[in-house]
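Below you'll find the structures, each written out as structure tokens.
Same chain, two partners: chain A is paired with chain B first, then with chain C.
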Partner chain A sequence: MVTGPFLILAALILVGAVAAVRMRNLVHCVLAVAVVFVGLAAAYLQLGAQFVGWAQMLIYVGAVAILLVFAVLLTRGGEVPERALFSPGWHWGVTIGAAVFALLAWAIRQSPAAHPPPAAPVQVTVEQIGTALMTHDVLALEVTGLLLTAALIGAVIIAMNDGGPQ
Partner chain B sequence: MTPLAGYLLLAAVLFCIGLAAALTRRNAIVVLIGIELMLNAANLNFIAFWQFGAHPAPVTGIMFALFAIGIAAAEAAVGLALVIAVYRHYRTTNMDEINELQG
Partner chain C sequence: MSGVDQLFVQLKHWALARCAGILPEAWQPLVSLLLSIIPLLVIFPTLFAAMVWMERKGLGRIQNRYGPNRVGPFGLLQPAADGIKALIKEDIVPRAADRVVHWLAPVLLVTTAFTVYAVLPFGRNMVVVDLEAGLLFFFAVGTVAELVVFMAGWSSRNKYALLGAMRAVAQMISYEIPLVLSTVTVVMIAGTLSLPQIVLAQSPASGWWPAWFVFTPWGAAGFVLFLIAANAEANRSPFDLPEGESEIIAGYFIEYSGFKFALFFLGEYLSLFAVSALGVTLFLGGWHAPYVVGEWVPSWVWFFLKLLAVLALFIWTRGTLPRLRQDQLMNFAWKFMIPMTLINVVIAALWHWIGSGPVRWLVCSALVIGAYSLLGRGLMRAGRWMPRTYRFAE
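And now, the complex of A and B:
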């Protein structure tokens, strides 16, 4: 059954997401998306994935939200735009979004995979995660490290001032 | 409605809000926010299926979500660097004013 805490979290996440999309001031958008990230971290904790929940808190609320704030400030996005917020063909985007949601909702309703019989909750300790990261998934860990390094260097090179006249 | 279906529906709504934002907003930073919302919705699905679905190896679902979070962080860094580079060049972050490649 759907419980009260889940409904509260779902309301928090969805209100935050709609606010992040609809707000006029970009700084408010970023604050709203930070609320969504916190709500998702709480949802992970509620689902019993403590490590993922705190990783979400550190990476998204701690890093990605701050990165978004920096991008907003560096591009002078804090000024409220006087022109329209949405593209001229916005109703197509909304239609596509609604159609995708209708398809997903239909699939969730129909699929037997979305309605499993109740099972005992799984628990995974941090020790198990660490052991798996160092043994079974060590190659994926190394590749992710390489990818993050490449992304970091690439981001610095892309955003670097080329020294031209401003 | 089972708890899994509830979480899947929540993730579906979140995904569609992100999709609509990425398709309709004019500002590039909000488009990136929409992409982040979509990635987060996929992650919520991973964790929900890990908790409620069949799990022969319990750690695998967690690993999938962790690597997805790491890659999404790299994507955000590169995307925002691109936004800043585009802003330097065009003095705007509105997607419909960056139309030099338009035929």
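And now, the complex of A and C:
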């Protein structure tokens, strides 16, 4: 389970996550988050989930990180603050975070799903994922697809009525 | 197949067998990978040099001038001169720049541009890795370029660079959607995401009509949409607003000089080659000949001929079309390209569902032409073309 590549990836993800919180410059934080996304994608690939890994890379690095960049630049957050970013009550945040993590970790350890009977490792192909999406999980796929298409068309319609000459 | 066709594959096997006697067993995969990668690292930068020369000559001819004609015969040594010039120039980094990010941007751009070549099939049995989700890999790695462009523009601490980066990111993210959606049709019909498998799906049949995907209604529409989106992704004219010289000087790489600038140049052309090669693979039959008779020509010759044809198309487009305005660019992406690609997905589904026969040709062609004319008319009406009025700042 704990192999060399996994340790390297875990270190990369943790360093990136800490950097994303600790960096002073917001743009540096966004870049650190992008490193975390790449690390997570690599972790999926290391588990043999090719489709999930590349999809993670495509969606999170290609879209979510860019969205964060836009948010930072459009809110004029790109300037470096004079002093540290931490608010006085930061230790409360750490305590609550640690408590939530402990609770989740405990729940996962207790769950029977965490200790499955040892099964032969299956190689899931993209074709199997596609078949599952089209047969067993077709309703979820259709609902998601409808929602996303509606959002896309909605965005176009909002842009279409720009209220005449300005 | 014939010996010439598999020449490079045989050569690699021969070299690997020679190495097996000298190197330990554990090194075999590494040597095998290196033998596949090093030719790519040689061929595509060479193609870059040739392409720059062809482009400057071609643009020169279109603009009624000679183009480079001083260095070597027909200016053929111009790329070498440019390379030496870039190498011996001073590397200037602005004092206010973010040094690490400023340095990282060109390096990451070239690295990712080379990485996508891993899944492209250049000939029969000539692919570095046959990934099952190859197409997804191509787009996943390609999206890093957006972040890199932003890194370059932001770290320069220059308003033109930042403006150029914002324009580039907005443009690339808008055209990424039609780019991916136009390839979805091919995935639907071929039933696979692996690029070598997609090429096999276009093997020449015995009939008189080639089996390339571009020779179907949805494929023709998809190929044109793909080329337009690829042109925009590569930030080339008429979509070169991010680096528009007359407006924002050179956009996001204004503060790059010397070899870093050359790396940006290299990275841009490498991604252009990669996306053209992807277009060839998806729509133009990859390394296949159109007919069985043409199969005696080696597969890699077919591939590179098609690649050069697509690149010539890009040069032609760059020489003849004027630059768009920012609002026209966005309108075109969101009000024409995306609806058209979505309709094309439905058309491809119909094509698959109706089954072979003249009916599907009639229905799908009518749908493509109808959708094109309706959307185009809508775009023209939304444009409200009228004489332009200019306002000057007081």
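Convention: the second predicted complex is superposed on the first by the 123 of 166 C-alpha atoms of A that agree within 3 Å, B and C clash if a C-alpha of one lies under 4 Å from a C-alpha of the other, contacts with A are read in each partner's own complex, and residues count from 1 in each chain.
In this section, a residue touches a chain if its C-beta (ideal position, glycine included) is under 8 Å from a C-beta of that chain, and two chains touch if they have at least 3 such contacts.
In this text the structure is predicted, and so the values were computed from the model without any measurement.
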>> Let me test your reading of the model: by the given contact rule, A:57 touches which partner, first (chain B), second (chain C), both or neither?
In response: second
Per residue count on chain A, the busier partner among chain B and chain C is B
Using the touch definition from the top, say if A:155 reaches chain B (first), chain C (second), both or neither.
both
Task = Classify the contacts of A:34 with the two partner chains as first (chain B alone), second (chain C alone), both, or neither.
result = second
Inset, instruction - Go through the superposed model and pick first if A:106 touches only chain B, second if only chain C, both, or neither. - result: neither
Dual-contact residues of chain A, meaning touching chain B and chain C, are 51, 55, 63, 70, 152, 155-156, 159
In the complex, the residues of chain C that touch chain A are 98, 101, 131-133, 136-137, 139-141, 143-144, 146-147, 150-151, 154, 162, 166, 169, 173, 176, 191-193, 330, 334-335, 338-339, 342, 382
Per the touch rule, the chain A residues reaching chain B in their complex are 1-3, 6, 10, 13-14, 17-18, 20-21, 26, 29-30, 33, 36-37, 40, 43-44, 47-49, 51-52, 55-56, 59-60, 63-64, 67-68, 70-72, 74-75, 77, 81, 83-88, 90, 92-94, 96-98, 100-101, 104-105, 108-109, 113-116, 119, 121-122, 124, 128-129, 132-133, 136-137, 140, 144, 147-148, 151-152, 154-156, 158-159, 161, 166
Within their complex, chain A touches chain C through residues 25, 27-28, 31, 34, 41, 50-51, 54-55, 57-58, 61-63, 65-66, 69-70, 73, 78, 125-127, 149, 152, 155-156, 159-160
Per the touch rule above, chain B residues touching chain A in the complex are 1-10, 12-27, 29-30, 32-34, 36-37, 40, 43-44, 47-48, 50-55, 58-59, 62-63, 65-67, 69-78, 80-85, 87-88, 93-96
